[in-house]
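One structure follows; several queries about it will come next.
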Amino acid sequence: MNGRHYDVAIIGGGIIGGSIAFELAKRRMKVVVLEKDRAVSQASSAAAGMLGAQSEFSSENPLVPMALKSRSMFPKLAEELKELTGIDIGYIEKGMLKVATTDEERMALKQQYEFWTKIGQPVQWLSPDELRQHEPNVNQSLLGVMYIPRDGQISAPHLSQAFVQASMIHGAEWYEFTEVIDIKREEDSYKLLTNQGIIRAEAVVAAAGAWTGLFLEKTGCPLPMFPVKGECLLVKTAKPLIQATIFAKNGCYIVPKKGNRLLIGATSTPNTFDKKVTVHGISSLLERAMQLVQGVGGAEWERTWAGIRPQTGDGLPYIGEHPHYRNMWIATGHYRNGILLSPITGILMADLIERRDHREIDLSPFSVKRHNGATCTT
Amino acid sequence: MNGRHYDVAIIGGGIIGGSIAFELAKRRMKVVVLEKDRAVSQASSAAAGMLGAQSEFSSENPLVPMALKSRSMFPKLAEELKELTGIDIGYIEKGMLKVATTDEERMALKQQYEFWTKIGQPVQWLSPDELRQHEPNVNQSLLGVMYIPRDGQISAPHLSQAFVQASMIHGAEWYEFTEVIDIKREEDSYKLLTNQGIIRAEAVVAAAGAWTGLFLEKTGCPLPMFPVKGECLLVKTAKPLIQATIFAKNGCYIVPKKGNRLLIGATSTPNTFDKKVTVHGISSLLERAMQLVQGVGGAEWERTWAGIRPQTGDGLPYIGEHPHYRNMWIATGHYRNGILLSPITGILMADLIERRDHREIDLSPFSVKRHNGATCTT
Amino acid sequence: MNGRHYDVAIIGGGIIGGSIAFELAKRRMKVVVLEKDRAVSQASSAAAGMLGAQSEFSSENPLVPMALKSRSMFPKLAEELKELTGIDIGYIEKGMLKVATTDEERMALKQQYEFWTKIGQPVQWLSPDELRQHEPNVNQSLLGVMYIPRDGQISAPHLSQAFVQASMIHGAEWYEFTEVIDIKREEDSYKLLTNQGIIRAEAVVAAAGAWTGLFLEKTGCPLPMFPVKGECLLVKTAKPLIQATIFAKNGCYIVPKKGNRLLIGATSTPNTFDKKVTVHGISSLLERAMQLVQGVGGAEWERTWAGIRPQTGDGLPYIGEHPHYRNMWIATGHYRNGILLSPITGILMADLIERRDHREIDLSPFSVKRHNGATCTT
Amino acid sequence: MNGRHYDVAIIGGGIIGGSIAFELAKRRMKVVVLEKDRAVSQASSAAAGMLGAQSEFSSENPLVPMALKSRSMFPKLAEELKELTGIDIGYIEKGMLKVATTDEERMALKQQYEFWTKIGQPVQWLSPDELRQHEPNVNQSLLGVMYIPRDGQISAPHLSQAFVQASMIHGAEWYEFTEVIDIKREEDSYKLLTNQGIIRAEAVVAAAGAWTGLFLEKTGCPLPMFPVKGECLLVKTAKPLIQATIFAKNGCYIVPKKGNRLLIGATSTPNTFDKKVTVHGISSLLERAMQLVQGVGGAEWERTWAGIRPQTGDGLPYIGEHPHYRNMWIATGHYRNGILLSPITGILMADLIERRDHREIDLSPFSVKRHNGATCTT
């Protein structure tokens, strides 16, 4: 790689970097992805793969149109990636059940139901009978159950890998174990000093998830960001227990996966990059899962893992240009919506880099400059 | 192996078979061990390695003298095996704390304390102050704590492997993935048909743990036996939390291992050979461990596994000759005392095979014939 | 399970047992599968998944019509299983290149080419230019290359799992860790004593792969059978190196799998049940693979494993009724064609059990009775 | 950790950082170790553990006295660490056989033999008969064999872990997943900005192995350093094949480990941080090992891994003070002698930090300033 010149250098080889690389390479740009570890080795592969475009929001939010748009892209994306790479991303549209276990949660769930009804996106309030019919193994003493038919799911590791390979088929280059040490503006391009040599690029995209903050420090523009550890686990049942994803208000979800697997997630531990899975984390996930779905107790343990997700000060991602450096772009802070938002983020970033107009989605709430005054130094 | 003739063929390559092979080979007999899977791949390597010669008994029991004798053999055995094989079996003599969490348990613990005091084996009733001093991280609201200084521990996988290698150094042969299909009496010796060929042996020892019952069926002498699954897990703490093994009445124990590991065990699920670790099993172990020792919640998850232990109808092992076949021996049913009893079982079986007298330990309670009338057919 | 009564009990939960269970359950029979370990844990999951209906044969052979028929069933089967279970069995029809590295191999390959040309199944002899165009990374100094466009491939672990789950969806019951100890004829049904209790079944199918021989011993009818260990390994390349499977005469094949994986197999070590992967096996596979395909040397090591395949005296499987016991069926000995033949074997066995006529395929060469006189005892 | 003040902050939690932390903590300094991943997760745990104080040198070299001194420290260190932590570091003193396979190698080996004979450190030239007697499984057609009785070995993962725990027992604090982003001089101490917060320390030690170069870039003083990947593998034999380590001139060595394991290493791939194990690497190691020792071909494959070792421009480590910053220390570049040199490096660095005199060992050849003029900028 040493000495090469690219149109775009993407720092970070996770699902966001992969989606951007895929889109840019399709548009015939010369793209390189620099990943300090292995490709898609962090939060991207750790995710549960829920496409919770509705489940994640209960009121007006700048992310809503983006989330709905991105969710709608999955069926076609699944076909495109399968065609290109042979990888089945496991797209399933059997919906999500969001459930309430306390009166307070029930009220919040009712509000969310009304929000989506007003907007006109399908949601359904299930009666106990309907719940029993749909999902006989779900705890029948829940205080409220809302069905979201279109919040499907995919397999996050498969989607992540498919982006990598599809981008490569379109010509993107990937360098793993490649750490950016320093970055310098040189006339019209950027010079990146890495542990494997020097490259140059017209544009740079910082898409390193929770590690983007460290990169931004180097550019004199630290943004309000923090890592949030999430622990998950996978178990296997003798027979399928549920059809839809079950999502409890307290952050516990159970996602049915192929081969009679249940993916149970996720804890939220802020301000740590430590990926160790803790006894307390597992214990709390197992306890809540056993309460939500009958038969989980008899499931077979398979494995557990953790990922570090990038959260921002106001909960909205950063998608935009660096306040001080032209053609330096930032795409991070998707927190637990990175999988869902990956397709649209790839499109949006490619449009931004090409300086195309966006009519459909207002990107100003995601501007990096919203925190500009307070934190950047020249 | 096909066509060879041995002094003794041991069926089962676990810790009992390994200890017997070690002792017989030391006595210069020509020994072969036939193991249907890998050596020491079942309960032997799954065990926690506690040497609970006192903790397991609260009243007169034929096993008591055997257990005390066997426990006393470990210091010298550890040296001998290290010398021969280079393997450190991890012998540690920091004792065990047996604890009571209910009034009922407290009474039972008191009785156990009195039993051992009367016998003259050291036990100590700890005051809350003493507990705090010895083990500051153990739950200080326990209702009773008895310290058993001599109930040490070893690493079960290391001891098991050391027996295998030490026996081989003394000349024993081991055949893995070798299943005995049929066994026939031929004049003065036995002919064993295996999936790898035919061998002959003057004497046969059935030491196949929970799978011994299947073998006994073939000889027309099914004995009252059943498998008991035990699930365990291993976690790692940043700093050592406990010095001694903590043993609660309900079967939960926490054994401190090298490298700041805690081995937490064990569930007891009878009548299954299924080695799958269940959600319910892990959840209950974690919950109890967090109650017993402060700081376990923050420990890092490492791994989990299960073993299938051989239990008998009356809770006593079978150590003796087959009721119908001369020179066919049985050594199984050690349940959760297999590690503790392995050294003495090796000696006893070798003495039996050599038809030497036993003055020290009365073997009649372990005789296979105690169930003879009811179950054997000719 | 204890005490239940079934239409059919299948002994062995591999791909053959799974396919039979699937077909029988679809026909609304009450089926139970008894597996001594985990489902599909042996050769079924270890296989490379090549559908070598043509590559495996160079002359008239009773298996030819069966192999062609079975291969033709995969496209529809893949859809059916995906629909039922959500599992993508990874069916790919990019053909196979059979290659010659010596003059002798070239002659044999030419004969195979003529055989298939005569039969009218498509094969193509590739010129060096054509090879370079199709597969630029394949060694260009090969002495002969035959392209077999229809010999596709699937993922053996996925197909195996899909059979298990699809059969369960149709009502089949699976018991893992369940070993058959004894089997007795009782009036019109069989009584099976297992390590988990007793069941009864109208018909029994022995489909335990390489372990079927042990079962047949118990019924007094040992058949000429032996296990053949095959070692495989999986590596990952940065970019796809080949499109088709590459199959060398000396038994080395390289199968391109999803995610830029190459599955490299397989050694053949007869007469052992030992599943250990050896240094010699890996070394020879790696060396041959590096000779066949440029760029393999730079691939990343992923993992290695071995499977034990059931071979028979004359190289043909046993598919038929036990010579002495009515309604006891045998389906084993598929050696390295078990994956390919699994769909047709399921159909054939179901037809046999239902006593339906077979016009299409002559089963007499697979009859168990072909070895009857020599080996069975009453 | 945020806001704390330490005597010494060590950047890098490998075996060098661990040894320094251990020694400083023993001297009652307040020490913190900052490790960007897990403790001892890189080259320290990947090493083969040979103590090749003599095998590595054939002529005068500033490292010779250091290597001999460090090797002599192991017996006592093993005892001290076992006492403190319970961890057996697996110290074995069965020597090393350095072998020649070509005439050229034979001449070089003869020179090495003469060098050590002159110095008075024991070496022995083995006749074919002596070789056969010592090591009957070693290739008997070697052209030259030199026995080095005192070049023993330890288990690198155990030694590394033991340093971590021993240092903690003496009061050192370890922070994993903690990356240093920036470091600033503040009056009399250093302020370290990490991804987990800010700490201050009187002195800083950069001991980050191959990653130290990245740190030095940040301080304006890049030193000539490069990473060298080494691939290793572990196999298991049925019986012990060798007693001593076998070391061939081409860099292939076979180290006998406990449990009948052989550790086979190591390839040398410069200028990469990529830890992927390659097909080519494994293949070459296996081939050479099979040539050196009879019986390796039948060994069972266990696992493979790679480590990234820190090499310097002139092959000597950096042990000294930063040319521009007082109380900033550097200890890295030990290449493949890191395990061997870890005990002495801990002592030397502690003495340097305490500004104690060194009479025994001349540290000037290891001075960071030897490359000063060329590379440092202020």
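Should a chain be cited, it is by its letter among A, B, C and D, assigned in written order, with residues numbered from 1 in that chain.
Just so it is clear, a contact is a pair of C-beta atoms (placed from the backbone, for glycine too) under 8 Å apart; a residue touches a chain by one contact, two chains touch by 3 or more.
Given the structure is predicted, the values throughout are model-derived calculations rather than measurements.
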| item | value |
| --- | --- |
| For subunit C, the least number of touch steps when starting out from subunit A | 1 |
| Selected pair, greater C-beta contact count between B-C and C-D | C-D |
| Most distant chain from subunit D by Cα centroid | C |
| Between subunit B and subunit C, centroid-to-centroid distance (C-alpha), Å | 40 |
| Centre-of-Cα separation between subunit D and subunit C, whole angstrom | 49 |
| Residues of subunit B engaged with two or more neighbouring chains | none |
| Sites on subunit C touched by subunit D in the complex | 235, 276-280, 282-283, 286-287, 289-290, 296-301, 304 |
| Interface residues, subunit D side, partner subunit B - complex | 85-88, 90, 92, 161, 165, 168, 174, 238-239, 258-260 |
| Residues of subunit A touching subunit D in the complex | 176-179, 181-182, 193, 195-196, 213-214, 217-218, 227, 271-275 |
